[in-house]
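Below: a set of structures, written as structure tokens.
Two complexes come next, and they have one chain in common, subunit A, joined by subunit B in the first and subunit C in the second.
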Partner chain A sequence: MRTAALSRGAVISLTALTVFTPIVLIFYQSLLNAPFFMPNTQLGLDAYRFVFDDPDFYQAFGNSLMIATGMLCIAVPMGGALAFLLARTDLPGKRWIELAVLVPVFISPMVLAFGYVVAAGPVGFFTVWLRPLLGETPWNVYSMTSIALIAGLTHVPHVFLYSSSALRNLGSDVEEAARISGANPLQVALNVSLPMVSPALLYSGVLVFFLGFEIFGLPLVLGDPEGHLVLATYLYKLTNKLGTPSYHLMAAVAVCIIAVTFPLVLLQRYLLKAASRFVTVKGKAARQKQLPLGPWKWLALALVLLWLWLTVLVPLSGIVLRAFVSYWGEGVNLLDTLTLAHFREIFEQPSLVRALINSVLIGVVGGALAVLAYTAIGLAGHRRQDALSKVIDYSVLVPRAVPGLLAGLAFLWVFLFVPGLSGLRDTMVSIWLAYTVVWLAYGMRLISSALLQVGPELEEAARVTGASESRTRRDVTLPLVRFGMLASWVLIFMIFEREYSTGVYLLTPGTEVIGALLVSLWAAGSIDQVAALSVINISLVAAGLAIALRFGVKLHD
Partner chain B sequence: MTGKQRNTLWMVAGLSCASLTLAAVPAGYPTGYQATIDAASKEGKLVIYATTDLKLVQPLVNDFQALYPAVKIEYNDVNSTELYNRFISEVAANAGSADVLWSSAMDMQVKLANDGYAQAYDSPEMKNLPDWANWRKEVYGTTFEPITIVYNKRLVAANEVPQTHADFINLLKTNPTKYQGKVTTYDVEKSGAGFLFLSQDAKQNPGVWDLAKTLGERGVRLQSSTGTMLERISTGENLIGYNILGSYALARAQKDPQIGVVMPKDYTLVISRLAMIPKSAKHPNAARLWMDYLLSKRGQTLLSEKAELPSVRKDIEDEHGSAHLRAQLGSAIKPVAVGPGLLTYLDQAKRLAFLKQWREATVRK
Partner chain C sequence: MTKPNNTLKVESLCLQYGDNAILKGVSFDLNPGEVVSLLGASGSGKTTLLRAVAGLEHPSSGRIVIGDSVLFDGAARLDLPVEKRGLGLVFQSYALWPHRTVFDNVAYGLKLRKVADADIRQRVDQALASLDLAHLAERFPHQLSGGQQQRVAIARALVYNPPVILLDEPLSNLDAKLREEARSWLRELIVTLGLSALCVTHDQTEAMAMSDRILLLKDGRIEQQGTPQEMYDNPASLFVADFMGNNNRLNGQISEVRDGRARISGEGWSFWGSLRGDAQPGRAATAMIRLERVRVADGPGDNHIALPLVTSMFLGDRWEYLFHPGHTRLRAYGERALGAGEHWLALPEQDVWIFPG
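For the complex of A and B:
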């Protein structure tokens, strides 16, 4: 009992410390007029004054709001519908669709955006092929509407993952009852299934809205040249605006982003109060049966395929094509420019080869360690309503409010200025810690939804029969969430493989990861290598996913 | 001692003799240089932070390693902002940092020297460098990179290709439909390098503001990375780019037949990657060896032939190096002098005023 309480306290304080040290550092920095470690730094509100006087800030804020709203309106209905179709109906080809749905999750948005430029930009190959049919190109990938649309479409999987796990754990008896009483599939979906998964939908809706405020790669590649700023790219712009990096301005913008996202955290917390509605793995069996769609299924399939074509096939084909040609464009015969040179160049460079190995390690080993850490945190807050649990609930959601680039910089400071940590900076430990904290909210959601599905009566039964708290955790709760943990491992693996901005400041020989190298190669103009490396990265993740599925890991159950 | 052991001993002695002969004082260097080499070998390591891709520099690293096998190079390639951030953070934390900083952000390098981060080093190679290429013996120019106009060879006819700044303005003014939305340059608010080129340009030529106005009228596309601009020019999405870093453009032009590069005949700005040895360097002697090697005829030849970064030296005849360009363009070559002149726009008020002027000139009509 005592050890359980002690270890719980240790987990909670360690979490709070790791999460809040960088945040406090950023907040403190925003109140200074120079880097916090410089000798003659003064406290003041200059940074905020500068930001609030800058018309760009308001433009960026407005655009972020628009993107977030657009994402909400697109991702939630589509993600929910997709979850319903795949979890509950006899849609053809479900196995393959389920896999393809995950693709946008593991491609970094920067690469995705670049794929759209190659495929559907003003001289992209789809555009050039379709122009004779359509006359003028009816779309412009660089417009704000396109950015919001792409952002919405690529976030459908986030909503899908949450609502499908909620759906799969609901017995289908109520839906069958509705069918028997004469409701058609649409009526069943809207009047029966929808209300049952509404907590999951609401929750993921808030999450998507929240992600909309810190979206970076997509507007960087697509919006920048047209002058469309969002908060995260505005922050990036401030890096160089004054000639030398202006930490205080960047920190002030980050604080503004946190000020927007924190109320969302509160909202999520409020929604979670209805968490008991998630409890579905109870001490009794719930039977699931598929809903026959009848002739509707072809329409449904066509819609799903259209979405897949837009979100997966278009950008992916762009990237793959770019990786195998030396140049492209309107009027260029691609067959003349085919080459394998970009791949050869990658394998000739020791640092890139190291990056490949490190990326696999951070995904597989780092992902496993992160899941263990998240599970420890999740158990510490599990079935408790005390103040400490509140600390956890809030602290896990905060890091996601800080854009990855700045979070990475804050971690560089932590490793530099906290005594005893400097030895770890040049090792993969630094990257791992930064990734684990940045993705804390995402990972915790995976773990806690697995934990929430365990009905309290199972644990109560163990306690009543005399098991201690830690014994209950070990023998009842953990075995029941084992599969949830495995699935989380796979999802975290994919996320860690694609993460790109956080590692930028922690990049040294020995800690190269593909994501961070993509950013630095992109800046240096080696687009050939960016494309080739992305293709390798995507294949690695796909291979990892295939292996996991081959060994029977189920991502949703 | 058995015969075999003795053999091994001789072999070890032979090897160290070989490495001693390899690490000989380069011709023309002072005799005291051997002391630097010995001290560097003792240090055994050299940490470089650079903005130049390791891919490009690998031949130099290998060659240096062959010359001085006792000094192991740790090469970090990062962008100029990260380089600056990491360096000042690490120095403030008193953690290990770079022994050599080698960056294309000339202004930031000079600022670091001005803020007292650099140590002076009297390189024996100095006599082979132009006068503008060093400041207080702390910061050294190592390359000679023209700022160019880049165009798409397939879509811009040979007779349209502008040869001077006036031609360029004229081209945009007389072909409004063709070039509308198809001209590109750096977003100087985001790209430190772009700001440097533009501000130096404005010092050289007050007519730049007219040019900026024309760019605005044509709906100029602003990018923060040279690579993206080259990609878009190559594909034909954009047709022509202004003020683009020539070394990258020329390197791409060798592989990509779509890319054409012009060095304007009225004046061509030239920038240089600057190297300096920080005061805080943990391996200062190794850093000196690298600095001298980088500036030496041997290093500069490799740099221009393998890394496609033209040489700053007066005595190297590469196609785009200083000697050749001077012969071609004569006094139109305007190198950006390494020195306090680069600090002007690091003053916040001046910089913001300059940005405002640029923004007002290029605002979309």
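For the complex of A and C:
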């Protein structure tokens, strides 16, 4: 009993310490007039004054707002429509489409953005092929409109995930009632099904808007040629603005970003509670029956395939092609230029080989350790309603508001600032810690949904039979969530392979991971290596996906 | 099997969730070898009371004692953890651990009590055999039928000889037909093993069939307690009378009161009954009579009333008649189909209870 309480306290305080130290550090650094490692730093608002006087900051803020709004307007209607088609109707090929829809969630945005450049950029594959047909290229992937459009299209799956799980909980009787009253499938969707899941749509809308303020990879790659900055890329460009690292300025921008994202996180939390109340009121899901689309189904299928072509096929085919050819252009037969040279180059550079090994390790070993950490935190909060579980609640909530790029930066400071930790700075421990905190909320959702599936009476039965609390955990709860933990491991593996922004500031010899290297290689212009590494990155995620499918891991709830 | 000093005593137990009082001072005793049912509608606090005895809910005040050992004492701030209480609980959902075989489910309590392996094997085998489960020992719960799962849950709760076994709606997960068989089987098991059992149920027939005593709960208080017969034949209030059995209720006005008897009248009917409580003529009252006490008579007589028949329904072993006196309904049983028209009904005076209110 005592040891159980002690270990619970230890888990919770360690979690809170790990989560809040970096955030406190960001706020502290933003109030200094120079980087914290400089002598004679003073408290003050100089950093904010500098940022608020910089016209680039306002341009970046405006662009972020525009992208977020664009994403909201594109992703919510399309995600809702896609969810309705896949969850409620007899659309042909649903199984495969549903899998393909999730691809953008698991592929690094860095890779996707790069794929758009090589596929549809000024000298991209598709551009080159289509130029003879179209005369001049009617699109420009580097414009703000394109960035917002691509961001919107690639975030459709986020809306799809939330609305389809809500739609699946809806009994088909309400739709059948509408059909009998004389509504066609489109009217059923617009008048009955989608309004009934409006809480989920609203929630996913806020989520997408929030993600719009976080995105980094897409605007970094696509916005650079024409100088379009968003908040995250503005912060990234500040790194060396004044010659020395301008940590105080970056911290001030980071605080500004958190000032936007944190209220959005709170709003999401409120909406999620409201939405789950909505679902509970509906009670048990009634019998499910698919809505026949009739002749409409071919039109619907064509639209879905068009979206898939634009969002998945164009960037992925571009990047894969780019990795295997040495040059291309009008009139060039790509078969003649096939090569494995880019991959050979990678295996010749020790730092890149290290990146491959580290990436696999962070996914496999780091993912397993992260799942163990999440499980420990999950158990500490399992079926408790006290002050300590509130601490857990907020320790999970707050990091959601800190984008990966900022979290990586803050952890860099933690390792520089906290005595005794500097030895870990050049090791994968620093990367693991940052990844684990950045994905804390996601991981905790996986673990707690596994924990919630254990009926409370199974644990109570053990207690009544004579088992102490910790014994019950060991003999009943943990064995029953074993599959949930393995499933979470696979999903965390994919997420850790996909992650790129968190490692950007933690990148040193010894801590290379593919995601962060893509950012720095892209900046250095090593396009061949970026293409080859992207393909390797996609293969790693695909391997995770294959394992998940093989063992029937649910990719979403 | 149970030791003579193992009486379970619950004294003025109170329990609340936030501002919401669930139990408002409940007291009762459970003597060794006795079966007591907690009966009540949903929300009456019966399950909470059972869980509080088990230690799964935390009362705010009162005492729970078994023999010499105190399980809960609000005044002394003593709340023995669930696992230290040594009780047996059969869950409504059975709560069998899906990752363990039947044998391991039953053996767990003994393992926790550090019983030697050979003893565990022998005692579990014996428990399984006595519940006719011996051949299922190596199965997993999902391979069992509902009735078998229930027996495993009971075996698991009994194997370490708890002083009191708690049953939470033990029959509600079974099919209607199976339920009646299981009811007599369970009663037989409890009686032959000499167990002390506290049982929660919302079904009055089940409560009467299973138990030596019934506690009827209403809004967190005990409304009435007694043997099934006392509860059925001598209810203290309209609520108890209505809860037990199938009843006819007629609302009317008291027209005459004489030596504990009263005459009640409504639209076109009037009869005598025994008065429960104090009332003067002119007061509104409810008359209540069990369905099976109403008889169809050949003609007028003492306490006979004539009513128009609405319909007769064939139930297999008997007929049910429906009459419509004014805006209410009156139902009765009989052995043959009745023709349309008015019929005389005999309402024996001692079977009619009149509750002022």
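Assume the second predicted complex is superposed on the first by the 371 of 557 C-alpha atoms of A that agree within 3 Å, B and C clash if a C-alpha of one lies under 4 Å from a C-alpha of the other, contacts with A are read in each partner's own complex, and residues count from 1 in each chain.
Keep this in mind: contacts are C-beta pairs under 8 Å (C-beta built on N, C-alpha and C of every residue); 3 or more make two chains touch, one makes a residue touch a chain.
A quick note: this is a predicted structure, and the numbers were derived from the prediction, not measured.
In the superposition on chain A, A:Trp298 contacts neither subunit B nor subunit C.
Legend: residue contacts after superposition of the two complexes on their common chain; A:Val476 is shown touching subunit C, with no touch to subunit B. Measured by the number of subunit A residues touched, the leading partner among subunit B and subunit C is B. Within the superposed three-chain model, A:Tyr270 lies out of touch with both subunit B and subunit C [touch as defined at top].
When the two complexes are overlaid on their common chain A, residue A:Tyr327 makes contact with subunit B while staying clear of subunit C. Contacts of A:Ala461 after superposition on the shared chain: subunit C is touched, whereas subunit B is not. Against subunit A, in their complex, subunit B makes its touches with residues 51, 53-55, 58, 74-79, 81-82, 84-86, 88-90, 92-93, 95, 107-108, 111, 154, 184, 187, 189-192, 195, 221-228, 230-231, 234-237, 248, 252, 255-258, 345-346, 348, 351-352, 355.
Interface of subunit A with subunit C (complex): residues 1, 455, 457-458, 460-469, 471, 475-476, 479-480.
By the touch criterion stated above, subunit A contacts subunit B in their complex at residues 35, 37-38, 121-123, 224-227, 236-237, 239-245, 326-332, 345, 349, 351, 409, 412-413, 416-417, 422, 425, 504-505, 507-509, 520-527, 529. Those residues of subunit C lying in contact with subunit A across their complex are 54-56, 81-89, 91-93, 95-99, 108-109, 112-113, 156-157, 160.
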